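Going in written order, the chains are labelled A, B, C and D, and every chain counts its residues from 1.
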Amino acid sequence: MRRLLASESNASIVAPAVNWRRIALTWFALPLSAVGALLVGALLIAAFGSNPISGYHALINGAFGGGYALSSTAVKAVPLLLVGVGICISFRANVLNIGGEGQIAMGGLAATATALAVPHLPAVLLVPLVLLAGVGGGFVWGAVPGFFKAYFNVNEILSTIMLNLVAVQLMNYLLAGPMIDTTTPFAVTGKIPQTRLLSKNAWLPIIVHGTQLHLGVVIAVAVALLAYVLLWQTGFGFRLRAVGLSREAATYAGMPVKRTTTLALALSGAFCGLAGAILVFGGISHRMVTDGSLTGFTGSAGFNGIVVALFGGLNPLWTIVSAFLFGGLLVGGTALQGATGVPTDLVTTIEGLVVIFVVSIDFLRRRARVRAEEPPERPGTRTRTRPGLLRLMRARA
Amino acid sequence: KTGAPPTTNPAAPAATGGSTSSTAGHPFKVAIVAPSAVNDLAFTESMVSAVQSLKQKYDLQIAISDNQYVVSDAANLIRQYASEGYNLVIAHGSQYGSTVEQLAPQFPKVSFAWGTAGSTFNQPNIFAYQAASNEGGYVQGYMAGLMSKSKTIGVIGPINVGDAQLYVDGFKQGVLAADKTANVKVTFTGSFSDVGLMATAAKAYIANGADVLTGSSQSVVGAIGVAKAAKAAWFGTQWDQSSLAPTAVVSCQVYNWVPVLDQIFTAIKGGKLGGATYTIGLGNGGEKIQFNPGYPLSPSVKAAGEKEITAIVDGTLTPAQ
Amino acid sequence: MVAKGPGDAPVVLEMQGITKRFPGVLANDHVDFDVRSGEVHTLFGENGAGKSTLMSILYGLHRADEGVTLLDGEPVTIGSPAEAIRLGIGMIHQHFMLVPTLTVAENVSLGLASTRGPLKDTRRVSQRIEELSSAYGIRVNPAAAVWQLSVGERQRVEIIKALYREARLLILDEPTAVLTPGEVDDLFRVLAQMRSDGRSMVFISHKLREVLALSDRITVLRAGRNVGTVLPAEVSEERLAELMVGRHIGAERPSPQGPSPAGEALLRVRDLVVRGDRGADTVTGVSLDVRAGEIVGIAGVSGNGQRELAEAIACLRSPSRGTIRVGGVDLAGRNAAGARRAGLGFVPEERMRDGVIGDFSVSENLMLVDAAKAAFSRWGFLRGRSIRSYCAERVSTFDVRTPGLETPTRNLSGGNIQKLILARELSGNPKVLLVAQPTRGIDVAATRYIHERLREQARKGIAVLVVSEDLDEVINLADRILVMYEGRIIGEAGARTTTREALGLMLAGVAAAPAGAAAGSSAG
Amino acid sequence: MSHFFTYAILTATIASGIQYTAPFLLAALGETLGQRSGVLNLGVDGIMLLGAFSTYYVAYRTGDLGLALVAGLATGAVLGLLTAFMSVTLNAEQGISGIGVYILALGLTDLLFVKLVGTPTPIKPLMGLDIGLLDRIPAVGRMFFHQNALIYVAFLLVPVLGFVLYRTTYGTKVLACGENPAAADSLGINVHRIRYSAVIAGSTMAGLAGATLLINYGIFQENLTQSAGFIAVALVYFGAWKPGGVMAGSLLYGIVTAVIFQWKSLGIIPVSDADLAATAPAVITVLALLSVGRRFRQPSALAKPYVRGA
């Protein structure tokens, strides 16, 4: 019997023909989705009576034209990237983390509380400490629904959404109460729900003078690389992916399924929490301040991060690229508003369209891949259509 | 999220890095960063339309970024406008204070205006502006106290801060001055933007027997609808809201930031980039009580209200802050 | 066992030149196939030979790329199961097509018009079900929820479904794979009655004995092609197997019946009580020993506690009482990983669900239990090179046929997946190997290979415990057979000293065990 | 505390709790129907938003609330079609496609609002409907029988959905598609058609939920729903996919919210602690779930696209 271990055996059977359809669908599916969304966006700009070309020109210029724009984009991308990486991890473990918003807020609060508690520590200690506190805050806020899911079978969609609602109120309470700024006289600011100016020693240093580019950008990229290694090069990542694909098989293999599930959501929360800390200490105002809504603090990064991760194929490395692009979209949206008067909501709309196109085109990708990648060998050789997006997007390490 | 596109195009090649002091021949560049929509019938609209009304007078080039309720995004924009050579950046929201405080030293040639608030952080290029909204609040509260039959009056604020807080305090004081036995209830929804919560709070008051309501912030539109549906009376602030509920709105305290802006522009032309705090009030024409002609207000109540206005304007009455 | 139908009856179904391509696979290659009225026509062939595909085309689940189907001589296109049903074709799938949360009556009437318009007419449906049950001697309670039913009862519901729809051509795809001998006999009795009503049947099975007993004709598919139609009277089991794989394979030789090996008892179970999913005890006091070098088979009708027993031994279910020792180590309080450390290897019964992760590559599945071992992981990081060389070794040692180590495991055949699992479970040199349903749904050739590997492990001194509902398998493979009934071991038989018939009675709980069973039912 | 328990306030609280419940209930019932057929629709919040907007817009333009409601329903149906197309025909990953719909609606409603409306203007409210003499019954009358018609519709849909699911052949097909679509398919049921119909009907209910919310508030604004749609999805899990359970969850959530609000406006909860109190509905919902310790068994095929023969 012929042994089929050698992969060259395939090559000898099929003539290497270029399959453009497959290439288009496997390599250009995501860019095509983006283009599709931008085209619909162009229609919307036109509906507002503006010129889409000049609108997009302003958008791209505002996002990527020059050092300042690039640095703004990079800074805007940081929370998206961190949340996105967290999403990569939790979705790989088959846990849908919709709680990024709350986890960001809790990370921000924990980091802020730390800076308020020990403001005099030197920067070399305080900066890592507040970042770790952010990680911790998010970790806890992710671990709770993770634990509930793993041990009490409480659906994580339910609990993460509910915890978002809890987080926003907790944030309002803390910022208007125990953590409120008591250093400025009441007459100056009234009772704005904000902390005092946080210790300078906790500020994230700017790494390129004259821009916004701060240490958080480097940290976020490093975290994404680490997450990649974690998922594909470590035993923990292996278990996490195994649990995500089949709880049953992981259980039979003796893996700690419940612990892994809890940890996956907690880790996802930790990354979001880190994003929260960076939002506070890498921001311009260097305080934590709210307008009473979660998005007022997070800028919806908890949701946008899902889009970013998805666009990055749930692969932390591609998520870096994707976060940068979406950061640019958000930053450029303001420039577009300036140039055309089309509200920045256009960017949100485009984002939604991107998601819809990506998940829809995935169907065609799946088919293209199955048709093209597994050429007929001999009758009776088994192949199976590959299932869903999450699985499809297994990066080849 | 601008309804009305900005008057001029800020993306057009701007004087970057050059001198920012306004020399004759160059338009004076003003940027407004505001937390809600330009057409919110309240806080943001009051400032934007005031600036636009001065466009000719001062040869202004205006850029507007509205709906910047995410503070970190707003901060980024404020910084960007400052770095693009705008002469004046108006940070229209108390929550932007810290940002302005941080940025002002980095852009010493740019003038920042921050409100509503009472402090310039002792910096030479920050103006602060505020509204003595307690004055109009007092007047309207006084009328409310006289009008209410159920003796139950509901007050809804967004967050306990800035002019909202002043208005609420003044209103409460006015009600009690008119009727010591009245029952004034105050709720803060915790959000500047949540129309639904405001409406819900208004409903709670109605359910508890209130027949007069008032509220501050851009999120009151839903609550006004509730008042209208329940045939309760409504007092507004920041902007004339009569058109929203011609049968329910009694009167509104209307802001007019023009006096403040006049002072700021004059100061800047005179080379002074900040360091002063300006207040609009009933006295300087920055605030006005606009009666809704369509509301059947009893003449005696109206007369009592006008008497209080006169007292405040001529200084015989000063509502406590 | 069953009277044969007429050989000259009219042809009801004719499939001509059916070709079906799946991405990468030619599943049917110009297959001709016909069925006569009142006939049981068997399709026989290796895993993946194309049997199910051919029948799916007939039932409207797939569309043929080429070829025509004639019913009563008329060409028909069957685009959906709805059309197939309308044409009088019924299908019983290997995996029951039942909705567990619905009642029998709801399942039976699903998709049919109701006499009460949009409302359900449960009463009328139940009545009709009762009529059919009594006509064919099939006992079912129309009001019972399907999840409460045993496997055999579910099978009956499937048959009722077909009868209810007045199917005159019934396709049965591996209907006996999960049935006990008694249930198989019941099924065959019903099929015989249906045949005498003039209904026709297409039967698919991997069990040679059944095929020879039931069929009027047998068509063998190999690699998607029809390699011949034979009459059961004219072929032997061996010849059939040979046709199937296309070369000569000898008959399976049962394990030599030596004296019971005197090895140490590596697996000791004492007085075990285990609770099932529905809260009741399903294992009610089991004690057994498996010695080094011995293969012990556990036979039983499914649902008599074997599954829970196996899961308890593998530490996937904690017993409410009793002890389990592997090589002297008490497994109490351990998890599956702990059981493996104590020296247990475990091949689960649901191999696609529990044994492997379909989307993982072959090598990832081979690492599933060992990834944390020092040989493959340092400081928590996986060691790619040693993993690859190890997996390559396993794949070749166990003859896992795969295009590559990175191939997604779901692309492998059932037999090869089973070999992969065996390769993995034996890698830790276990003292005890627990195998549940080792060859369910696996074709004859792969079955023999797997049996041979199990015997080889026993010869090496491993204690092998095989849980199987396939009597032939247990008889062929085991040195000793324990019969489980209602949570207990009710008897023991030497594999060579018992007969299928005697065993079959014991499975039904009828005959008591021969006295003196070494590890029979416990007194407590 | 004492004056909370006055008769008038108690009834008013429950009445507003019921009103608060209605949008959640409508959306959650719609989601229940969709999930029972095997489709997870995470885009409910977006559908509610767009439904609310179109209701608002038509009411604002025409002043005709009836027409406005039709617009809300139609919007729900169209978005249901989109959702079904993605989930059923294109086999999209459902958790994610729903988020796409949500984000799209979030942006689009605001764009449309700015473009088509501009200045926020309240619409005329839907008056309370007095049901015969029932609303004269002391206490109960004002609590339950002086609500606007949509509230009755929401609660009426509970038994209606129960009836459809458990008493009709269509319901049985829906359940079968959610549990074992292959079985349904093998019996000639068009799984795609059933799922399309369930998702479209469910989304229409989400559109109605948006309209109800809008009519409650009387005005549209950005992100009007404030995650109400997501909470509705959560309530489906809470209610274990049963209409009655979903209603219980929605009522728990709505009434706790109303009570907190009443207490805030009555000053029972000090302003400084108001935010903490506002976490109560969410916390109580999760805790209720934990303490009941219910082992959920969701529809087996939930969120799994059905591909014949796979």
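Note that a residue touches a chain if its C-beta (ideal position, glycine included) is under 8 Å from a C-beta of that chain, and two chains touch if they have at least 3 such contacts.
None of these values were measured; they are calculated from a predicted model.
Interface comparison, A-D versus B-D: the pair with the greater number of contacting C-beta pairs is A-D.
Chain geometry summary: the mean Cα position of chain A and that of chain D are 28 Å apart. Between the Cα centres of chain A and chain B there is a gap of 37 Å.
Separating the centre of chain C from that of chain D, both taken as means of CA atoms, is a distance of 45 Å. Each of the following residues of chain D touches two or more other chains: 110, 114, 222, 275, 278. Shared interface positions of chain C, defined as residues touching 2 or more other chains, are absent.
Among the residues of chain B, those touching two or more other chains are numbered 1-2, 67, 160, 190, 193-194. Under the contact rule stated at the top, the pairs of chains that touch are A-B, A-C, A-D, B-D, C-D. Those residues of chain D that touch chain A in the complex are listed here as 42, 46, 82, 86, 90-93, 95-97, 99-108, 110-111, 114-115, 222-223, 227, 230-231, 233-234, 237-238, 272-273, 275-276, 278-279, 281-283, 285-286, 289-290, 293, 295-296, 298, 305, 307, 310.
Interface residues of chain C facing chain D in the complex, by the touch rule stated above, are 56, 59, 61-62, 80-86, 91, 93, 95-102, 106-107, 109-114, 118-120, 161. The touching residues of chain A, when paired with chain D in their complex, are 44, 47-48, 96, 98, 148, 152-155, 157-159, 161-166, 169-170, 172-173, 176-177, 295, 303-304, 306-307, 310, 342-343, 345-356, 358-360, 362-363, 366, 384-385, 387-390. In the complex of the two chains, the chain B residues touching chain D come out as 1-3, 37, 39-41, 67, 154, 160, 185-188, 190, 193-196, 199-201, 203-205, 207-209, 219, 221-222, 224-226, 228-229, 243-245. Listing the residues of chain D that touch chain C in their complex gives 167-170, 172-173, 175-176, 179-180, 182-190, 300, 308-309.
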